[in-house]
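A short write-up of the structure that comes next.
Labels run A, B, C and D following the written order; every chain starts at residue 1.
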Amino acid sequence: MVKVGIIGVGRIGKVHCQSITRYVKNAKVKAIADPYINDDTIKWAQDLGIFEIYTDYNKILDDSDIDAVLICSSTDTHSQICLEAIKKGKHIFCEKPIDHDVAKILEVKSALRNSNVKFQVGFNRRFDSNFKAVRQAVKEGKIGQLNILKICSRDPGAPPIDYIKVSGGIFLDMTIHDFDMVRFISGDEVDEVFAYGGVLTDKKIGEAGDIDTAIISMKLKGGSLAVIDNSRRATYGYDQRAEAFGSLGQVAISNNMQSTAIISDADGVHQEKPLLFFLERYMQAYVEEITEFVDCIVNDKEVSVGVDCGLQPVLIGLAAKKSLSQNRPVKIAEIESEFGI
Amino acid sequence: MVKVGIIGVGRIGKVHCQSITRYVKNAKVKAIADPYINDDTIKWAQDLGIFEIYTDYNKILDDSDIDAVLICSSTDTHSQICLEAIKKGKHIFCEKPIDHDVAKILEVKSALRNSNVKFQVGFNRRFDSNFKAVRQAVKEGKIGQLNILKICSRDPGAPPIDYIKVSGGIFLDMTIHDFDMVRFISGDEVDEVFAYGGVLTDKKIGEAGDIDTAIISMKLKGGSLAVIDNSRRATYGYDQRAEAFGSLGQVAISNNMQSTAIISDADGVHQEKPLLFFLERYMQAYVEEITEFVDCIVNDKEVSVGVDCGLQPVLIGLAAKKSLSQNRPVKIAEIESEFGI
Amino acid sequence: MVKVGIIGVGRIGKVHCQSITRYVKNAKVKAIADPYINDDTIKWAQDLGIFEIYTDYNKILDDSDIDAVLICSSTDTHSQICLEAIKKGKHIFCEKPIDHDVAKILEVKSALRNSNVKFQVGFNRRFDSNFKAVRQAVKEGKIGQLNILKICSRDPGAPPIDYIKVSGGIFLDMTIHDFDMVRFISGDEVDEVFAYGGVLTDKKIGEAGDIDTAIISMKLKGGSLAVIDNSRRATYGYDQRAEAFGSLGQVAISNNMQSTAIISDADGVHQEKPLLFFLERYMQAYVEEITEFVDCIVNDKEVSVGVDCGLQPVLIGLAAKKSLSQNRPVKIAEIESEFGI
Amino acid sequence: MVKVGIIGVGRIGKVHCQSITRYVKNAKVKAIADPYINDDTIKWAQDLGIFEIYTDYNKILDDSDIDAVLICSSTDTHSQICLEAIKKGKHIFCEKPIDHDVAKILEVKSALRNSNVKFQVGFNRRFDSNFKAVRQAVKEGKIGQLNILKICSRDPGAPPIDYIKVSGGIFLDMTIHDFDMVRFISGDEVDEVFAYGGVLTDKKIGEAGDIDTAIISMKLKGGSLAVIDNSRRATYGYDQRAEAFGSLGQVAISNNMQSTAIISDADGVHQEKPLLFFLERYMQAYVEEITEFVDCIVNDKEVSVGVDCGLQPVLIGLAAKKSLSQNRPVKIAEIESEFGI
């Protein structure tokens, strides 16, 4: 039985907490910590049978009975808590991104090198049945050699402007998942990136120094091409699609719906909108990622989404950012050399 | 070059006239005849290069230069003109049904037996790419042994009440196409039929002695089961679907659309309605059926949709009518014995 | 907190047990009982935190601390246990059918009349998001007045012949769910039924006195028509579709898939098969039905799927059985009068 | 009646010839000319009722009875014949591209300025029901302000290497249609383009100095973003899709199929491949474009796809070519200034 402490019980922390309590074999939540914990959350936790509830996460790190921590706090605290948890020998599941600052990710990477800590990054889409099916088709050679990979990723609405200001920008906050999908589906690394972007949905996003719409094209090291398109606001809901096209054919995934119901009437043929957002869309994937994390601990397996999977999308994101601001293609190697990688 | 005379140039006569002029190799329309011909139709014909335009169809039958006639006049004249055309040795393409009166169809059948006349009935759906694909899958064994055949056939709106009164009833007027599809797709004959019906869209249809909604279930001689559902009014347009389910799988066809465009917005996901009605839906099938007819004449081939294909659906329709009125299953053999078949 | 005892922990009993443990608020499983319980099941129960494990279900009925029972034992024991549980004042969730014998269902109904026991029948499909969407569209008037209701229900494979022999026949064992869907979606009652059936997938099913393929047409009391088609063996998996067609349009549902992945290659365009069978397809519906049951107990609400919902489909099933054997339409009233209803 | 001469009766010249003969009101083909004409083509023309058949196209230009010419000869002859035809006062339908050399297109444009000649470029996709539906949705504001436009355009196979060598490269030969679609759907002009390309399907294409796979991203003058992905070889056939995403929603089109048939079996759910290539896919669009051309002549209307529609995609194609070779974004203005536009 893996005893887990959850650091940060906002939206995603709660999701993981419920997943473990309900579904994940061989694991239980022993404690939770959140500096902003309120009465509702306390009651919610107690209903789940969790009674060690702290504001200070050190209570969790100091508890020698706890085997693993889930770091679900705000992004700017991730790398610091990671380093402390590594010191305490806790296995770590860290929400993405590890940090916006590559140097700090490298610090975590370095600290991990000398430890026995299992470290997994929260790239949930890798555990979604649609994206897994694309990866599997590519891996099994069903589409032959990959030629073109396309990812469409649009949110139903932008986060608050205050969040956008500290988010690191769309490429590190939102596209980072898509960069991870490029790596996951292709099984390849990005060589170079070129980004076009614009402020097309909300001027305030532009005033906050960010963009809300982007097309990012990429060359992969193996020669394949890839392209991502992003928007912060799709009126019809969360749009999460992918297509991998290769020498033998194509695999494509479309959005998940609430039901399969189709209504035909005098106005046309109608369906509901896709599932609203990530909590609805990826609920099952959140369970699967924690299940794998616990399985890696219990059976001493290698984590499939480790620290390098956390690092690479940040590098690509920074390359995209630079590409956008300088209006030129940028190699990932250029970003790496900036950080002495 | 097959020289054709068209008897009756209403809606469907015009369709065939254009098909021949534009698409059908080795055929040309030499003359048309219609007792109700008007100036618009005369101009329309002349634009197509047809200048022999009559009110009396005997002018066509008496023209020894004409090889074949298309009988597109009102149903009550079909069998009589067929008999006259057979006497004159003209090949015949006759719109469905040959007659509502089985005795008269048998007369035509008998007259054909002693002639060299090619005789084809206008069951256009057999030439539609969707229905052909279902037939082909069944014939090629892709679904194995047929277990259940389902046909959904709904019109966008009912014909005028005056037409309904002389139509022979829904089973002979509308379902007759679906009975033909049961025979075509299954390659089998109907053994027994049971019909439920109701007047659910328009009371006037009931007052005219007909129904507008029906579910007709059938046992085929080979043991398979079949079911047709009909409505005279589908708000979303012409609904023409079929499913054949067998020991190895299922083949299903859906409706054809004007375009593949799908609009996703804040209200949901929307598509246009299916193609409105038979002229839009089966335009290509109308060309194909005449092409086959001409090909049978030119190359002396056997017609695939002959007089028996015209007879059987009428027998099934009469069985359905009897089933509905007596609320019991009726064997086709029972109808046949009424007519000494 | 509703304390639940589960009587019968075969496949479906286990499903409910997990649902309650994981998802259902205000409920916990206090005890389970099964005469055939084995070590695996005992270990499985203990892992879920259930330690009162019996072979004799009376242990559960006699436990005054238990508020409600789930009857998931073999069908022939349902009505007897129901009667005993009513006597003990336990709320009851009973798997379908309550009994094959109408007299025994009436006994349960009668016993319930003089009790305060909440009684729910396990018609899970009423809680499925697809079927709920159809019901909702009908209820909200989106398709206008119901004209035609079609249900396609096919299993991926037949149960063992030994089970078929005691199953009460396909209409009481399998179609019973579809009869319930006709009532649920239409909000109407069946007036008359006509059934065609055949043994088309496995001769042994015929030797066991049953059929494996059926088309059942129905007239509803409000005048609408309905039709169900059944097969015991669809090679492509569990086929669970419905279409409700009315004066304003149609609502249709199709099967659920494992993923949305579509592969296009030189051979064509391919998708996975639908979800295999009821455990995969209706997992969420099983949770929802127990959630409603518990909610009715906690908040003293009326159960939406009560004893009459258990009775009616059995009456329709018996009418279908009689229709098949006598090859004539049978009114539900005829069956009712046999049982003095 | 518009009398037409067709210059070049290869594949596409034949298509137009048949379209006019069969469908286009108020037009007839008076003569055809082709230096490589053979006996088969002569017979084919005579069957269509065309008896003026030349090897020298001047016979057509010199015939004062001919009102309009269709220029369907090899690309390198287009602009020269255009200039001669303008001098003779013939209306012109010219296949795309007018020329690979911008200077020559400008010459044609200049010659047209001082003439009364109607001039249309053969961008057939503008007349396809799918692409028209996308344009219409955008134009009618159904998706609001355009944010992202995506075009997927893949051929089932590459043309012969000898053709590729003189084709002007993929951007001028194949993507030119997609650049036209960007302009048509958006109603906007391209400002800047960035292209990634590779040789991923056939090394010989690379040896011929071309690429076979590309992702081209664009900024439009109005601020929208666009992206095209191309491949010379899609195993599953001609892939012609588009998506326009805007502030109110999205409109998307998918490929057209031979039939709607779907086969479900033990291996999965299967459909045929999309229509093979442009002749099958755009047959109706070819009719529509000539119909509009003739209508513009007869009713003295302005052509909707004029010389500028022929020029712009060439400029974008040259920008894409430069972008690929110099690995940097290139403004259309940069290309224009090279040609003094």
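As a working rule, a residue touches a chain if its C-beta (ideal position, glycine included) is under 8 Å from a C-beta of that chain, and two chains touch if they have at least 3 such contacts.
All of these numbers come straight from a predicted model, not from anything done at the bench.
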item: Pair joined by more contacting C-beta pairs (B-C or A-B); value: B-C
item: Most remote chain, CA-based centroid, reference being chain C; value: D
item: For chain B paired with chain C, centre-to-centre distance based on mean C-alpha positions, whole Å; value: 42
item: Approximate Å spacing (C-alpha centroids) for the pair chain A, chain B; value: 58
item: Multi-chain contact residues (two or more partners), chain C; value: 234-236, 248-250, 264-266, 272
item: Residues of chain A that touch chain D when the two form their complex; value: 145, 147-148, 150, 152, 154, 194, 196-198, 200-201, 213-215, 217-219, 223-227, 229, 231, 233-236, 239, 245, 247-250, 327-329
item: Touching residues (chain side chain A, partner chain C) in the complex; value: 22-23, 129-130, 132-134, 137, 142-143, 248-256, 258-266, 272
item: Contacting residues of chain C [partner chain D, same complex]; value: 234-236, 264-274
